[in-house]
Amino acid sequence: MKIIMAVIKPFKLDEVRDALTAAGVHGLTVTEVKGYGRQKGHTEIYRGAEYAVSFLPKLKIEVAVPTELAAKVVDAIVASARTGQIGDGKIFVSSLEQAVRIRTGEKDTDAL
Amino acid sequence: MKIIMAVIKPFKLDEVRDALTAAGVHGLTVTEVKGYGRQKGHTEIYRGAEYAVSFLPKLKIEVAVPTELAAKVVDAIVASARTGQIGDGKIFVSSLEQAVRIRTGEKDTDAL
Amino acid sequence: MKIIMAVIKPFKLDEVRDALTAAGVHGLTVTEVKGYGRQKGHTEIYRGAEYAVSFLPKLKIEVAVPTELAAKVVDAIVASARTGQIGDGKIFVSSLEQAVRIRTGEKDTDAL
Amino acid sequence: MYRLPSRGAALGLAGLALFLMSGSAFAEDAAAVVAPVPNKGDTAWLLVSTALVLMMSVPGLALFYGGLVRTKNMLSVLSQVFMIVSLVSVIWVLYGYSLTFTEGGGTLNAFIGGFSRVFLKGMTPDSTAATFSNGVVVPELAYMAFQMTFACITPALIVGAFAERIKFSAVLVFVLLWVTLIYFPIAHSVWYWAGPDAIADAAKALAAATDDAAKKVAQDALDAVNANAGYLQQLGALDFAGGTVVHINAGIAGLVGALMLGKRVGYGREAMAPHSLTMTMIGASLLWVGWFGFNAGSNLEANGTTALAFVNTFVATAAAAMSWLFVEWATKGKPSLLGMVSGAVAGLVAVTPASGYAGPMGALVLGLVVSPACFFFVSTVKNKFGYDDALDVFGVHCIGGIIGAIGTGILVAPYLGGVGLTSYEIKPGAGSPGEYVMAAQVLIQIKAVLYTLVWSGVGSAILYKLIDLTIGLRVGKDAEREGLDVSEHGERAYNY
Amino acid sequence: MYRLPSRGAALGLAGLALFLMSGSAFAEDAAAVVAPVPNKGDTAWLLVSTALVLMMSVPGLALFYGGLVRTKNMLSVLSQVFMIVSLVSVIWVLYGYSLTFTEGGGTLNAFIGGFSRVFLKGMTPDSTAATFSNGVVVPELAYMAFQMTFACITPALIVGAFAERIKFSAVLVFVLLWVTLIYFPIAHSVWYWAGPDAIADAAKALAAATDDAAKKVAQDALDAVNANAGYLQQLGALDFAGGTVVHINAGIAGLVGALMLGKRVGYGREAMAPHSLTMTMIGASLLWVGWFGFNAGSNLEANGTTALAFVNTFVATAAAAMSWLFVEWATKGKPSLLGMVSGAVAGLVAVTPASGYAGPMGALVLGLVVSPACFFFVSTVKNKFGYDDALDVFGVHCIGGIIGAIGTGILVAPYLGGVGLTSYEIKPGAGSPGEYVMAAQVLIQIKAVLYTLVWSGVGSAILYKLIDLTIGLRVGKDAEREGLDVSEHGERAYNY
Amino acid sequence: MYRLPSRGAALGLAGLALFLMSGSAFAEDAAAVVAPVPNKGDTAWLLVSTALVLMMSVPGLALFYGGLVRTKNMLSVLSQVFMIVSLVSVIWVLYGYSLTFTEGGGTLNAFIGGFSRVFLKGMTPDSTAATFSNGVVVPELAYMAFQMTFACITPALIVGAFAERIKFSAVLVFVLLWVTLIYFPIAHSVWYWAGPDAIADAAKALAAATDDAAKKVAQDALDAVNANAGYLQQLGALDFAGGTVVHINAGIAGLVGALMLGKRVGYGREAMAPHSLTMTMIGASLLWVGWFGFNAGSNLEANGTTALAFVNTFVATAAAAMSWLFVEWATKGKPSLLGMVSGAVAGLVAVTPASGYAGPMGALVLGLVVSPACFFFVSTVKNKFGYDDALDVFGVHCIGGIIGAIGTGILVAPYLGGVGLTSYEIKPGAGSPGEYVMAAQVLIQIKAVLYTLVWSGVGSAILYKLIDLTIGLRVGKDAEREGLDVSEHGERAYNY
């Protein structure tokens, strides 16, 4: 199994979710994160103090999939999350050794 | 070493923490996340607009453990986080190559 | 490639970011988390009710790097995030199989 | 707070001036001819006070309570308070005002009013209501609106006791029944009377009576006027702005509700920290500000006594905030904001019945005393007995109300700086000091407290039971876990 | 709400007393000598009302609206409202008050005032303005300030319609033009008149005229006084506190704006849930509290009619909150807080023109009726036609305003508990019941509604177009995605 | 704002009417017999104003400041403000009012009052206090309460300067000492006088004196009355509502505190963005609304001058909000909400001393001028000198206060639309225009500013040092990192 972690632009969530569902993924976990990268941020001024804000709001999606689905899922994310502008985000794929469904105790691909 | 990531129902946190402590784990990291899965969400209506909310609040627990403790920890989570109802969550286990304690620079199992 | 996850004290973020940039890292992702460990928390009292708060605010940094950079990055984090006091945090290194830049579809080290 | 049967014809200022110019002596018989006209300063003050008391409920109380619950129940608290205010104000104009402030039938009149003002029948911009001063009236519509806000906030206070677990529909039905069967009767018992001018007129007639037969008739008439009052009013209970009517009444109803609904899921096991003490602080501050309308507005006029009630409200609150702070600091090690604002509310509650009667130093002492008592209840008694009075309605409002009610009987003492009792008979046409015996007054106050505790406690228990057996009081366990905002209202408070 | 040319010399109370003491009869000619002095109760009330109406805008309306947008646009809404209030109050003292409440030139006077009060020229603490009552005046500065708050809040209402996408600079320019070309003329049309004393004086002169020639002259003078009024005032349109001037006016301008700016990026596709219903509830509550200043303050005096307007405002709001709740509960399955507070605002809007005219039961019915209508517009009509009136300015303010304006024509009926029409001619020197025919009055009300819809609708469209062609109305797509807070103001609302 | 020794016997309206009816001439000797009674409109206004000023502190100022700190210090700010208000109001009734507004002993009287009103001794609902008008009084309790709110808010303003790092206990001890040794003396110096009636009586006696000996005696008596006033009052310094007493006083104390406590950990290195500009905006709005009580309430009566102070407060604020906006827009590229509300507060500060003296156009100019000055201080001077005046107490309140104080000396000029100076001697019994020379007045104003800067600056420095050496001023570094909410109060503001 693989665990795929993708950092995307927040407003792309619904599209990505739909694409993943279409790709046969039934569950995922989303976290609000701040990203730092090539995309430049903005400056905020509070009275005298100026702050360069270089961390931008992003969403991190984590989805565990059977190995054979991994490539398809990566493609689905790329297709649905892309706007073509800097800051679209990244996908990171790692191997996953074990998955357990807490409710049933089912293991591995049955648990996904 | 293994890094175990578990998605659980928020109100189960204290029980899981206690179970992990009992299993010999001394540290863990928790993140507020939103989960999408079999558990169905709810509908919110704001004046004319209806939104189907399918992302539900969950907590993600990350805990790094020596390999030999991994199975015990997984069991402890399953036992303490289970309510038997849909949405209890998942556990994902991956291998961890290195751990460092920032304060001391200790490495690997010493760092946990 | 490696994916490095570090849990640090929140006010150390800017220093760590600078250290990472100096080490040649161009992007990272940050999450607000709560940490439980040796560092003891505090007690909160709300009228009659006392709560022992053992989860403390931390930041989790995730950064994907080419394997050859990993050690340097770990050292940079240790150096910049350390205060020498309990609760400075941990660094966890795992192997990363694939990285994709969503905007361009670039793969692996090109994507970082 | 008293109501006089409205007078049909209110003359304008010009009329008064004409009268003054008429050259005739300012004789008593002439005075009887001219119905008093409201002073515009009084009217302005009473209307402002009314707005202030509304502000106490929404957003004041709603935020004070809302900040203390968990995020997932924020909207449920706000909704309950907002809808209670709406519901009760509609009930009030339909029949509540009439049942509370008009004369009821025969002996029933001691406990409940009648129907002469149902749908505000016969009330016009010219209708007037009595004040505490002879010859001083206010527009009855203003008086009605002012009293409306009291009827609105009292049941809203209750919901804090069973927050985070009650059905919204149950709240509405409960409040409808509760104001009708508990609040209106108690308010009538405490506040209904014939007004100072009726007493003065009867007393004057008595003084003017020459032969014995006429004296007897006049005495009977005076007795009838005095008997035309609510039960606790007849007893002589002092409650300037609602210690019994509002706080004890709501506080005991809350406790009973908390007991009958049972504890929240996870109570005592899971952390239930307030989701936003910022909101609680805003709410407490607005309660403080609005409470000037509540207490000083209860004088109905804008005079020196109003200023006294205002000052007392200010000082008791400040003193109580401080004393809670120091008690908490000493016993728990840290002075908390929630402690301060809880103390402030306790002080406001305690000074409510005393506000127009005590002197400023008396109010200060009352404030210093009430907080430790309430603190003890919310932090020790509650934990000991284990009832889940979620937002301490009993510990703060009922206990604070009792201390205030009894304290009023003490602090009204002229030798303690209080204003003493006022008699409208000794010098008819002007209030003058009546006889005051502390022990006697304290006893009366205790009776009024017990009367309220029993009527409201038992009555509320019956109502809760009734609702539980019909539509049900409590949401399901899953709905409670999910939070009432989503499960009952289909919304979330925050989407940051 | 009317303005009287200020009187140069206002005597103090001592002067009045001296006059009263002079021994001469309180004759009409003597009365003409003494300029009326403001009653301090009236002044206090009017100033409090002014503060309350400011509180409606900031923080009230700002929070009500702000809570409904997404986090990233919170500050933009707060900024727009705050700056509109600031900008318009400066414009108001520079020339707005003059254009609205002084006599304009010739026939133009039906539509716009003149320049005699530009920069508040000639206004001193002693200047006075007329009220609805003969011989009763208030300090003109207080009257000016009160009216200022109306001019401030009206354009602030509009911004809800095109929230989350308009340029800040465009808002400022639009508001500058809009108040000048739309608001001041409409307010003048509805509220400008010569005041009751001018009518009374002319009517008295007519009554005193003996021969035919004199009668004709006097009649002409009376006609001139009556003609010295805004167009809709001359028509006889009733708008106690601004149903047409404020709500319909702003509501239609909002709709046109929403149409011309187009939908928000992602509208209908992305979730746009309110970021903080807590803030919305605070805002709605403060609107309710402040609206007493708006409606009851519009009586300018503190008397029984003020109390009536107060009560009507209270009751209509409560009824409307309840009726929205129940309609929503029935049709959508859950009673939401946003529903309740939307209903409350709809009730406040509807009762605004009627507040001093209807009886409390009339107001209650108005409240019950307005919510279902507004609910239908925001939940059905809007979705059907697909315009993005982001915060339902049209659905609540315009629709609610129309129902209120027409309802006023009905509910003013004495046989429905209303106060009827007032004539200042029949008994010169005292208002007395004028002739009322429901159908005729309703027709007048409809005319006033249409007049406002057309003037404001067309006028606003032209202004939007103009701005779009010059500095541009809308921010870029990226700026909109990022949120106006950061892109337009360089700040974020929350850094938790 | 001045206090008159209270009069034992206040007659009711009936008494006044009787007097009017007595047929005797309204002669001066007769007038002396009848003690003036408060007008209910004045009383209503003064009490409302008092409530408004309390609202400025809690929740107004607390939110304004609280929103600007980081989440972890939110409750500490709210707690400090709330407890300062509580503490100072208790001190005020115990001895503060007496020290400020009664006659002190001998030459000391120029700087501090006496003990005749300790514990509010001898104060009853019938006690009255003087206003600015001859023969017009208000209930002394209302006056006392109004002034109390000024004493409460002034030290609360200071805490913004050293927010996020001071010990809670240090705040309490500092404030206790500071109000006693700095605030009461300065308020006495500026506001204590014998009242207009005392001057009128003495002036009348002088006018009535026939021979030289009697003239000398009468002149000496008049001089004594005039000398029975605070030092700056004797100088002739104008401070309508507290530019020196409140804002300069607090502003300089804040700066000294910021310097003595040192910078926050991480200042200049870590981002310290406001945690909730929403709260700051709510706070600023409530400050605006409440400030009408502060400024227009300071007239004590509800008359045309009150309306003038009200209008000035409104207009200066709006103008200052706009001018900050445009300066910031021009220099930093974006118009921020924080800028607008900072400007609004600067405008409120500047207009405070001028509010009852300037004309509306003068107030407008004052508003336009003050913002750029304050903006320069908070964005350039502060960065340049590197002091950590966390919430810009110095930059806004002290600088704004200085500009207002000096501007008052200019804008009071009748030829600039101001009301000029008032003399109570020229026409005894009625205020009339006194002699005004701009240069002289401006010099007096500058003296008053310097006096305040020195007294408060030096005095505060000594107090800080004292506390630092005893209980310590600052929390430990870890406690500061963790945030004062948890480390000092054991709570968190938000648990979302």
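First chain written, first letter: the chains are A, B, C, D, E and F, and each begins at residue 1.
FYI, contacts are C-beta pairs under 8 Å (C-beta built on N, C-alpha and C of every residue); 3 or more make two chains touch, one makes a residue touch a chain.
Bear in mind that the values here come from a model prediction, so they are computed numbers and not experimental data.
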Field: Shared chain contacts [subunit C and subunit E, defined touch]
entry: A, B, D, F
Field: Any chain that touches subunit F and subunit C
entry: A, D
Message: Do subunit D and subunit E, two copies of one chain sequence, contact each other through the same residue numbers, with over half in common, or through different ones?
response: different
Statement: subunit B onto subunit C, same sequence, C-alpha superposition: rotation to the nearest 5 degrees is 120
- prompt: Out of E-F and B-D, which chain pair has the most contact pairs?
  reply: E-F
Query: In terms of contact pairs by residue number, which of A-F, C-F or B-D shares over half with B-E?
result: A-F
Statement: For the pair subunit C and subunit D, the C-alpha centroid-to-centroid distance in angstrom is 56
Message: Just the number, please: Cα centre separation of subunit A and subunit C in whole Å.
response: 17
- prompt: Any idea how many Å lie between the Cα centroids of subunit A and subunit E?
  reply: 51
Query: Hey, what residues on subunit E touch two or more of the other chains?
result: 20, 39-42, 44-45, 48, 271, 273-274, 276, 282, 332, 334, 336, 338, 490-492, 494, 496
Task: Please list all residues of subunit C that touch 2 or more other chains.
output: 31, 44-46, 94-95
Statement: Pairs of chains in contact here are A-B, A-C, A-E, A-F, B-C, B-D, B-E, C-D, C-F, D-E, D-F, E-F
Subunit C - residues contacting subunit A, complex: 3, 17, 26-31, 62, 64, 94-103, 105, 111-112
Field: subunit E contact footprint on subunit B (complex, rising order)
entry: 44-49, 51, 53
- prompt: Which of the residues in subunit E come into contact with subunit B in the complex?
  reply: 68, 271-274, 328, 332, 334, 336, 338-339, 342, 378-380, 382-383, 392
Message: Could you list, by residue number, the parts of subunit D that touch subunit F in their complex?
response: 20, 25-26, 39-42, 44-45, 48, 52, 70-71, 135, 273-278, 281-282, 284-286, 288-289, 292-293, 296, 301-308, 310-311, 314-315, 317-319, 321-322, 325, 332-338, 340-341, 344, 359-361, 364, 419, 494, 496
Task: Using the touch rule from the top, collect the residues of subunit F that touch subunit C in their complex.
output: 266, 269-271, 481-482, 486-487, 490-492
